[in-house]
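Letters A, B and C name the chains as they come in the text, with residue numbers starting at 1 for each one.
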């Protein structure tokens, strides 16, 4: 992240500083998100990639205060929302919204599309009934759904249409930031293309900022302006998307990029088929770099202390062995 | 070399309203040689999973499967209904053809140890003692490169990670040295880095055992990396069967072209490219007419014939494609046969 | 899939009636309801009055087709008026149970923490005492009357319902549907009343049909033991009265006993059909 010179910087829509989230588990408290800092400018897309269990979804939910924070601060549109009560948070909800991975789970199956999309307007007391109806039609149109969709139920639609309903609902309050949590991951390629194009159009028309959370590096590389790579609850590398895709520096980013199907670098020669245990990470709170169990560069230093995320130029990197050129 | 899996005219249907039959797979044909990988690729509802289940005789009871020819490792099965001759199918399953399932957690029994399950898979087809079966199980776990295989024998499925569980499923599939492996989205539930290693493992095993692999997937990237030949399905029918290199170099069928163009490509420069969309959606089982090309309503290069005449397979470089556009440059052939050479 | 559209919008009532268990259960209950409503028209006057000679066997006297008991009371009239009492107690007691059970379960599941602890300890306390003995004790202390019996049945049956509701609410509470609503800024009342409760309605309705049956059985048992309301006829009371002449004139106890069996069976069948009809995996078919 470039060091923010001034917290009142008005074109920053989201600023997260040293955010941590702990979960209670049978094995004691687990750190799901470990001192993460990031910021997103208006109209910008930040891609957040990482494998399952790396804490990327928890981070997305923590930003909207859907899970309890352990430490850190969140500034949304210039306001510190960290300590606000749910009631005090309500007006600020209008500036940031979320699209979930599975619309079948996030949309009430007993409600029609019209009622679902209108609900945010009802909650915030926006508009009269006819005004709300007009707004719903407008929103459906924006995401490419026919006006007849208002009377239908989520289970009567295809996966792509359902996800459009999720997007329309999130857009109802005219937010400036949309958190997309694996929003296209469950969709078929051709449907995914439709939804990604809708998202691109909406961003161009409305100047939205996106936090695009996904495990799919190919999709993230397509949509993002900047990319943040997360592993074991921590950010390990951030930077402009072209730099990350072209010259990944962190060994984990390299592994992630090398594994993208269809873009394997055959010239480098295939790695020896390794033993399983290949999805191991060092749990947060144990100290050391999360990538240690899998890293070919790992040394005693990596096991003993976690490398700090050092900023340089337009990105940042957390590795004892590789330095980011300024 | 003779194909070890030879399929012609495979159709699968499900019961529809008022006694009708809904076609999930229609007149599908393909052949796979030992050591070869055929990828069957397509989007949800294209019939690829129904095809996999039909090959194993594992379709649900209400489905009906027919084939002109279904030959697995020299045994003709087209007349063998899994319900009327379950013994023939049971010997095929696991013995000559084995399946690697998508979701290892549901494919494994949660209350049995890994050792018990792999040994059970060995004993299902070979009359050996439990002791021998256990020894074989340990060998198999080594073979799929599980760390500390002795300890894994005693472990329960929930104690392993997703990648390790998928390796166990592969070990079970290998238990009886099958000649044909059918992998139905084997890595969809896994992270990309794990996916790459599991696919490496499958490839390595395939090279060693010369098993034919039918890889069912929705991921064109996986296809590009792993397949020798590709069969693209759309709404229950084969639209294109090609050598992988030819397919990715010059896709012949408009659907294949559209599918490839819809994929996000990393490493772009300049202004953000727009993804190509395919208008409309895949027709549901009940909306599939018999006449014409199924893709015609969504096709960018549709001809009048496309709505009325079902295109047969036409030869293209490295395979064939079922499209009237392709036919323009070659002699028209006898229509309505979708078998591959 | 294309097939999923068709039956999803068939109204619940029709989905129940389409199932054999639902059809039989509904018909049985409709007949009992009709009997309860028509009691005054078919048999005017107090069913507790002596109207004929005692021990008239069913079928021997055409004006008293079901015969009379040891005191010469008309059994047909008793059954008709008894249906009123049974249904009334069943429905009102279940309403009380639903009110307490759904309320406690929903609040415990939604707010968790200390409120949950307190409410769940209370249900455990209730569950250590067999509900029937508990109801018996309450009625014995308060003096048997229609009101006290209904109250006693209602307040002793709720703990199991509260547990069912709590489990359902807990599962929904952590789901994406509720997360999405919170992200939109919805308040607790909206989330609980508009999103969560309608989605736990299914299991609640199924339990309710069983609860009505249980309440009718409990009332019958209380009446059999002599803890019924002495001023009204109830089926349990009739069985209890017939007990003494069971060897010679068994019909006096058997007829009201049969009525209880029919209603309880009908309610159970309806509950089954309801569970089926509300199961989304089955409604797709």
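Some notes on this structure:
In the analysis below, a contact is a pair of C-beta atoms (placed from the backbone, for glycine too) under 8 Å apart; a residue touches a chain by one contact, two chains touch by 3 or more.
Keep in mind that what you see is a predicted model, and the values were worked out from it rather than measured.
More inter-chain C-beta contacts link the pair A-B than the other of A-C and A-B. Taking the mean of C-alpha positions as each chain's centre, the chain lying farthest from the centre of subunit A is C. One finds 50 Å separating the Cα centroids of subunit A and subunit C.
Look at where the CA atoms of subunit A average out and do the same for subunit B: the two points lie 33 Å apart.
In the complex of the two chains, the subunit A residues touching subunit B come out as 51-52, 158-160, 188-194, 196-197, 200, 215-219, 221-223, 242, 245-246, 255-256, 258-264, 270-271, 273-280. Across the interface of their complex, subunit C is touched by residues 61, 64, 66, 86, 89-90, 93-94, 97-98, 100-102, 105-110, 119-120, 123-124, 153, 155-156, 169, 173 of subunit A. The residues of subunit C lying in touch with subunit A in their complex are 4-5, 8, 175-177, 179-187, 190, 195, 198-199, 280. The touching residues of subunit B, when paired with subunit A in their complex, are 43-44, 144-147, 161-164, 167, 190-197, 200-201, 204, 218-225, 258-259, 262-269, 272-278, 281.
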